[in-house]
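Please find the structures below.
Two complexes, one shared chain (subunit A), two partners (subunit B, subunit C).
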Partner chain A sequence: MKNKPRWFAILALPAVAMLAGCADVQPWERGTLARPQMALEPDALDSALIKHTYSSKEAAAGGYGVGGGGCGCN
Partner chain B sequence: MKTIIKLLMALLALSFAANASEQAPSCKLKTLDGKRSLDLADSQGKIRYVDFWASWCGPCAASFPFMNALHGELASQGVEIVAVNLDDNREDALAFLEKNPVQFAIVEDKEAQCPGLYKVKAMPSSYLIDRHGQIRHVHLGFHDVDKTELRAQVQALLDEK
Partner chain C sequence: MAATDSIKLAALTAAALALPGLAPEARADAPQRAVSLDTNFSRYEESAGRMRVDIYQSSMTIPLGDRFSIKANGVKDVVTGASPVAVGYGPSGYGPRSAGQSLIMSSASIYDVRDEVDIGVNYFLDDKTTLGLDLGRSSENDYTSDFFNIDGRIELNDKKTTLATGYGYASDKVWEMVDDNGEKVKSPGVGGAKYTHQGMLGVTQVLDKDSLAQLNLTYTHSEGFLSDPYKYALVYNYSNPYFPDFVRDSRPGHRDQFAVLLRYVRNFSALNAAALHADYRFYSDSFGIDAHTFELTWIQPIVYGVELRPRLRYYAQNSADFYQPVFEAPRADGNYSSDYRMAGFGAISGGIQLTNEVLGHLRVAGGVDFYQRRQDYGIAGGTGTSLDNYSFSMYSVSLNLKF
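Right after this comes the complex of A and B.
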């Protein structure tokens, strides 16, 4: 119990140190984030085709926010 | 406790301080070709249309033909468009301007000081500044539907004496 402040410091210090990693990215600093390589889906058409094939072959669909059966007709 | 609440309220008010109806902050910049320097706040009796843009921003590209048309129509009547470039590499800006050639003033802000002063919250952001250097309208982003509104607001500022 006597060591409580020290333990607190040991726990708090890394947390405070990690706060330095948090940066506020301003709207005008998002040039790198706007690069095509940073997109979650670099090729929208390609990923749509893959999803379509996947939903047909797996006889199941979903998980991408759209409903539908496995008939390959949706 | 009361003072703490008051303090928090004051902070909240500060963080939401709208730009509109504020005096335009002074910020000195040079044109991209380095030939002319100007202060965003010093409109010299003209209506200023200050636009913050970057080459990587899609809506910025959409806004350029509109701003160029506005410049062509109203420059002689005392409307000055100043587009502040915020690219990290000036080559990107130059390539963008080659694709979207414009007649109005393009200034560069390498240190990105002006967007902080103007509290830019979106790309692009446009500020309409009246003859007395007061920010009258702030537009975040650029959509096709904004064109008529922007045009009307610029015209209204021109009609003021």
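Right after this comes the complex of A and C.
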């Protein structure tokens, strides 16, 4: 875990900005946010498959959720 | 393993498989409350005659009253092809140190089937709080995994902020299968058990009427047998510099993995309500690997329920502390790996998916993705070899019914 303090600082900045910079959105203004293309995972099955493929071919994993079983991926 | 055994090594049938199948996850997304049925077929194919996997997936969600929904997933992977075993010198896997390195592959007769089943339940405590539980098992001829996940999410701040948390546990067993006169047998004393604990904290925030963002932190602790029973590393020993040894892949017995994910989604009303998804993930682990992932997806509604979804991804990692293509000297800690996934490299991938929603209940989709991994695409540094460069393609078709 190299240069961890620096990376924490870099990643903390957008997180703080994200929480501090949000506008007041009324319930009747959220129609756009409810559209399927605005979902974080518009196609959960496809997303899970491609992410699991990447995690079996690369060292990095995680970030998107927890759980699931391991495999003898090679 | 002595160098003289390298021919035998090259002939070993590595039945540990490419297996890019589905692993269900407890996610920060909202669970479904409608009846839905998803099916998907995908073909994963690596370059140069390496691994090929046909993946069959199905998923069904059924609500039970107002408070519960149950979900069942099934996956079958059919795997064939060959996989890298070690890096050596010369065409036979070892030779003079001045000769060029070569990649030793398993035989091309790998065949395995992986089956995975999991079932989960969501409990809707009220219109703001959801709890979930999922149990599952995955099995193949050299690997089993039993797992469960629990997760919870709560909407706050007039539903503009969502907090999510999750915990996952997996108990895995891995061993080596070898070819004994045409019969696959378990290799005694190779492999072991692995236990994994995972935790997640996430916050999703509505930024304005056209955009939202998410920040997830995940931490994973694994212990036990974390090596690959089918891989070897070539290690030179000072006492006999002309005859190196092939030693089994050997990694530390515990691993801590940390990931931070930032996601941003924005609507473009002027472009027929297109949506941009931008993700960045930073990853770091106790093996000494740091990685960066950048991903962009554009979802473009066209007409009559047809959508086009191009996506682009860049990934880079540095090498593990105990990785070398070939070890010029023994290591004091006894850890060795020449596994291409422990190397420093970069990868560029992209794909496109076409979807069509009919009558609001049926959605059909087809897509293709290409992935190119190269040592010189990396920006994270570390050691690697161009012998491990390869590419893969993935084709998929899916069908979704929702009521």
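Just so we're on the same page, the second predicted complex is superposed on the first by the 40 of 74 C-alpha atoms of A that agree within 3 Å, B and C clash if a C-alpha of one lies under 4 Å from a C-alpha of the other, contacts with A are read in each partner's own complex, and residues count from 1 in each chain.
Criterion: a residue touches a chain if its C-beta (ideal position, glycine included) is under 8 Å from a C-beta of that chain, and two chains touch if they have at least 3 such contacts.
No experiment lies behind these values; they were computed from the predicted model shown.
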{"item": "Which of subunit B and subunit C A:D46 touches, first, second, both or neither", "value": "second"}
{"item": "Which of subunit B and subunit C A:R35 touches, first, second, both or neither", "value": "both"}
{"item": "Which of subunit B and subunit C A:P27 touches, first, second, both or neither", "value": "both"}
{"item": "Subunit B versus subunit C as contact partner of A:S56, first or second or both or neither", "value": "second"}
{"item": "Which partner, subunit B or subunit C, touches more subunit A residues", "value": "C"}
{"item": "Overlapping contact positions on subunit A, where the subunit C interface meets the subunit B interface", "value": "27, 29-30, 35"}
{"item": "Contacting residues of subunit A [partner subunit C, same complex]", "value": "1-4, 7, 11, 14-15, 18-19, 21-23, 25, 27, 29-30, 32-33, 35, 37-46, 48-50, 52-54, 56-74"}
{"item": "Interface residues, subunit C side, partner subunit A - complex", "value": "14-29, 38, 40, 42, 44, 51, 55, 57, 59, 83, 114, 116, 118, 134, 136-138, 140, 142-143, 145-149, 151, 158-160, 166-168, 170, 172, 174, 194, 196, 198-200, 203-210, 212-216, 218-220, 228, 230-231, 256-263, 265, 267, 269, 273-275, 277, 281-291, 293, 299, 301, 307, 309, 313, 315, 317-318, 320, 341-342, 347, 351, 353, 355, 365, 367, 369, 371, 373, 392, 394, 396, 398, 400"}
{"item": "Touch list for subunit A against partner subunit B, complex", "value": "26-31, 34-35"}
{"item": "Complex interface listing, subunit B residues touching subunit A", "value": "52, 54-57, 86-88, 92, 112, 115-116, 120-123, 125"}
